[in-house]
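Two complexes follow with chain A in common, the first pairing it with chain B and the second with chain C.
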Partner chain A sequence: MATSSSPLLDVQGLSIRLGKLDQNIVDDVSFTLEAGQTLCLVGESGCGKSLTALALMGLLQSPPLAIAGGTARFGGADLLSMAKEPLRDIRGGRMAMIFQEPMTSLNPGLRIGEQIAESVRRHKGANRAEGRARALEMLRRVRIPAPERRLDEFPHQLSGGMRQRAMIAIALANDPELLIADEPTTALDVTIQAQILELMRELQAETGAAMIMITHDLGVVAEMADQVAVMYGGRIVEAGTVDRIFTDPQHPYTIGLMSSMPSLGDRRDRLVTVPGVVPQPGSMPPGCRFASRCPFHSPLCETVPPLRTCGEGHKVACVHAPLEQLNPVDLQETGT
Partner chain B sequence: MLAFIGRRILIAIPTIILISIFVFTLQHLLPGDPILVLAGEERDPEVLEFLREKYRLNDPIPIQYLAWVGNALQGDLGISFRTNQPVLELIGEKLPVTLQLATMALIIAMVIGIPAGVLSAYKKGTWIDWVANVVALSGLSVPNFWLGIMMILLVSVKLGWLPASGYQPFAEDPLQSIKTMLMPAFVLGTAIAATLMRHTRSAMLSVLKSDYIRTARAKGLAEHVVLIKHALRNALVPIVTVTTLIFGELLAGAVLTEQIFTIPGFGKLVVDAVFNRDYAVVQGIVLCTGVAFIFMNLLADVAYRVLNPRMGDK
Partner chain C sequence: MTTILSARDLRKEFVTARPIFGAPTVVRAVDGVSLDIEQGETFAIVGESGCGKSTLARLLLRLIKPSGGEVWYDGEDLAHVDEGRMRSLRRDLQFIFQDPFSSLNPQMSVGALIEEPLRVHGMGTQEERRARVAELLTRVGLTPAHADRYPHEFSGGQRQRIGIARALASGPTVLIGDEPVSALDVSIQAQVVNLLEDLKDEFGLTLVVIAHDLAVIRHMADRVAVMYLGEIVECAPANTLYQQPRHPYTETLLAAIPVASYGARRARTVVEGDPPNPISPPPGCRFHTRCPYATDLCRSDRPTLTKLADGRQVACHHAETLTLKGLTSVEPARSAGAAARFALYAKGIAAATTAEPNNNPKSNV
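Here is the complex of A and B:
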């Protein structure tokens, strides 16, 4: 484990611009990640969590997306300002990514074994036989049945769950220190989801890799996370340990998220929702971006709230937190 | 794969039969009497009748057709009215010439068109893309005959680098044969290169957007590996389709270019035969072209299955 003075990944002020919009689509995102730890980035679709991950990998579609500022120190080097070639050396080697759609993320024209082996050859200087041997070993480790046969099969011959296992095999083939998983279970059947999460947790324990898990599923967060960062409108609105976030959420948006999670034995006529919709990128409120949907908003919310410490290992970007001191307006009353 | 090829050949048989029926009947719908052409100045009814009898033109058409098919199956496509040469021999003489021309043109087209398409898709919206598109559009717009004449003027007359016309059989002197064929092949090839470039570009543009290209980049692979191994391979299916269709067209459609460079090819044979009502030759040629098209389609089908393994499954 690295000491807290030099985290594995240290992201400071990451901002991403979309075309000519004058508001950043990802704005001033900062977080750190220790070796072996799991950070969950949580938020609704369009909140910038995937873009944050892609920016770290250097995979932003530019144009129209561009990095507008910030640093991301990974083992001493800044991923955001690095030249293309050294970044390629890291990408797929020390840092790897799993994508959301296993159906479309594998190349339909290449055999599974080759899709794993080419990455091993690229980063470990392995020859064909070594690459193939490593591919077979990885297929075993992600527990794909009949791995010898799968090695020479094409993606369309595999089920969705197996394809995601193959994606995990590709990502872990070079023993990365950092694994970024962008909603790895969203596209899968519920029964398969649990298996994949379980597998990822086991492999993480084996390899000691740190993980950034992007999800909108609080069940996944509870299952996987050490740290949680809640994103809204391109900013981190609350961050902390998984215990703190679940037991003592501070930001109105986090509280809304928590109460919108249905649970067994709690049958209500209507599901609780966070009222309103996310504003379009570029038309966010000038201060706190959640203000337009927030039941607590006040004139104070018209300046950007800083992400400030509100407890042991807990930060929040809301001027009103802790909400207990306020005369609380019941979220559910205004919400439904 | 062998079973697949076998199945495809079986499917091709009814197609060939249909083609032969069409060819045969269309031929008889054409105005004009081949016997008049054959007889020339001779108008003696007895001579004409004798000739009609000789070429079995008095038999009912179905009988004529069956006789023709029967002979064709034995490798006898009849005899040219005009030159008295066996049709098969005529085709055997001319086909290799056009085959060589078409192959060279296609190679030139692919060498220019596919890399240009890949590059312009990869550099979409930049000046490289723009230049490639302008050049491609010019390639499509400039008529072959004009380009041919201009090239003869420049390369042969002014610079004297290549012969302006003529034909040297490949088997006799391969180097000289390629040299004489280079200019016509280039003229034919440029227009095709433009078509190929446009198809490659659009296929690459859609492939480059796919998730698996992002996966390939996430592996840290070099851009040329991403472009060629991961993208172009998947973009090849439409390119193969266009290429095989073009090759089929080239066999019969290079008439103008053959004329300009005085190449004794298939195209010229077609035109002469049609104008002279040389039934047997026209029939033989159309049959050959039809079979060639079917063969090219078979090749394309095989290529699809190699390129896209999903098509291998039932």
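Here is the complex of A and C:
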């Protein structure tokens, strides 16, 4: 990941507060993203992956949410401290977002073509005819059949997969350098999901846009990511290149998550699970937030573990990594 | 193996629009489904949204009335027994819903919710019922003290446990789950899958699982029926179905699964287009509009579900001649260190769950 030029996006120490809770709901999240690369933020509900993305877009609902610290440098400017108006110029222009449920994020009362053209007029200063021409071109690029007709249709007239294509068309209309996709295929059927993932890969190769993809599905991660950041309880617990994360996972949570997934190979016995549930925001363990569910926890876990390098292009926030070198006697003395 | 529940030519039509002039718009959500579910097996029904799998599940327990066909359970046709008889049969046949929050009355305490089926079926005295509720709560990994709390106080996984306890209360023989784990996070999903499998073994249940997640099905099911636009297109034992599908739609579904293993990104055949509108399904084979192997025969003649030489059922004109791709070994490539870590983790979890009885339902039996 190390290059001489500065990365496209450089997030350092992003923290988000919820109301008066004294624990940050997103805590000290740092990552960088190079042009043309895909970073997958992966984790379960409530791990902070969507909040991280919303914070970058300046879309946090405030109050009760507020940025508690950190910077996010994107092309020389800090997204987190930027005033509303310049941020609006970037959002939808150089940086765009695709949401999970296209039906709730598309405007139900506007024709598809108009929704694309609107953003082109706003950001590129195009006139009506140019906007409409661009909308048609975009519908073609996301391979919507009969684009001339679809241009004048409303979102409810499209199927779920077509709506998600229309969303992608809106997001890509101004050639963004950074695309943030929040669970873009979670609401779709598996064959449609395969189509959309394929489309996103092709368009990314065409446009060279960088992408942050938020997902809970490790299958999607394996198919899409160059870089992976695994989140738990508002923190990144493990980060690295996609091959490192899948072939050499280090953090007990990453291992637990992978163990919980039913295998597509021959049937095995019981699934190995992650016991218990994610603690409520604000009542996380004081040190390592995964400690309350971790079979390897010890008194060492009562201080916040730093995200440290554990191999080339690979970082982990666990004091016990690598786990196989852990002395089993220590565990018995300190463990459950 | 004895058949416990079977459907014969089961149909359900929904009228979606009744114009003043002209014919009403009719969706054939389930269009002539026949299947036999064996006692003690886990039978899975898979398919994409709108294929009719949830409707079929509801028809099997007569939560909705079929438009035609029969459902046989223990010598009785559920489609035609009267309401009173059906109510008492529900003691044996129970349903688990996808979203336990919308299926549990928010104004009833958890104890009352689990006790309700016992009361309805006039089972036990009040004391006995209370003891049974406590036993059920413990059995699904909650505590007896939870009986006085309300559904909103629980997480999604815990609510699904409550839904399962309620379904188990009357001592059913058949449990049908409509996407019972798909609303849950991966780690919680694994807990509930394990719980369902333990309960099945312990009580000798027959489990029918409706799902769209093919990995969960692979783990749980003995046999799988694949549905497309209201009909079953293939029905086979899970192992053979995944290794060697015989219907092109099954092949398509399997190829679409994103595999959680590095380097698994495959050059795959992505099926084009959306599923057709079930209001006006295409003539001939319903999959022909998206099928890469379709011929003229497929466009004109509708294939029927036929038993092949190996006992598998397939509705495809070309089932005997096509060689389709299944899922070959997808063992994740892991470093030696990682393999050791996974083993240590599994051991650690096993040790922890024995120490904390709440996480291990088996120790509470």
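Worth pointing out:
The rule is short, and it goes like this: the second predicted complex is superposed on the first by the 315 of 336 C-alpha atoms of A that agree within 3 Å, B and C clash if a C-alpha of one lies under 4 Å from a C-alpha of the other, contacts with A are read in each partner's own complex, and residues count from 1 in each chain.
As a convention for this text, a residue touches a chain if its C-beta (ideal position, glycine included) is under 8 Å from a C-beta of that chain, and two chains touch if they have at least 3 such contacts.
Note that the coordinates shown come from a computational prediction; the quantities given were computed from them, not determined experimentally.
Upon superposition of the two complexes on chain A, no clash is found between chain B and chain C, which fit side by side. After superposition on the shared chain, chain A has more residues touched by C, the comparison being chain B against chain C. Of the two partner chains placed around the shared chain by superposition, chain C is the only one that A:E44 touches, whereas chain B remains out of contact. When the two structures are aligned on the shared chain, A:M97 is found in touch with chain B, with no touch to chain C.
Figure note: vertex chain A, arms to chain B and chain C, all at CA centres after fitting on chain A; angle 80 degrees, rounded to a multiple of 10. In the superposition on chain A, A:P108 makes contact with chain B only, not with chain C.
Superposing the two structures on chain A brings chain B to within 7 Å of chain C, judged by their nearest Cα atoms. When the two complexes are superposed on chain A, none of the residues of chain A touches both chain B and chain C.
Chain B makes touch with chain A in their complex at residues 210-212, 214-222, 225, 229-230, 233-234, 307-310, 313.
Within the complex, the chain A residues that touch chain B are 57, 59, 88-93, 96-97, 99, 101, 104-110, 118-119, 122-123, 154, 156-157, 167, 170.
By the touch criterion given at the top, residues 48-49, 155, 157-158, 185-191, 193-194, 197, 212, 214-216, 218-220, 238-239, 242, 252-253, 255-265, 268, 270-275, 327, 329-335, 337-338, 340-342, 344-346, 348-349, 351-353, 355-356, 359 of chain C touch chain A in their complex. Taken in their complex, chain A has these residues touching chain C: 44-45, 145, 159-162, 189-195, 197-198, 216-223, 242-243, 245-250, 252, 255-268, 270-277, 295-296, 322-324, 326, 331, 335-336.
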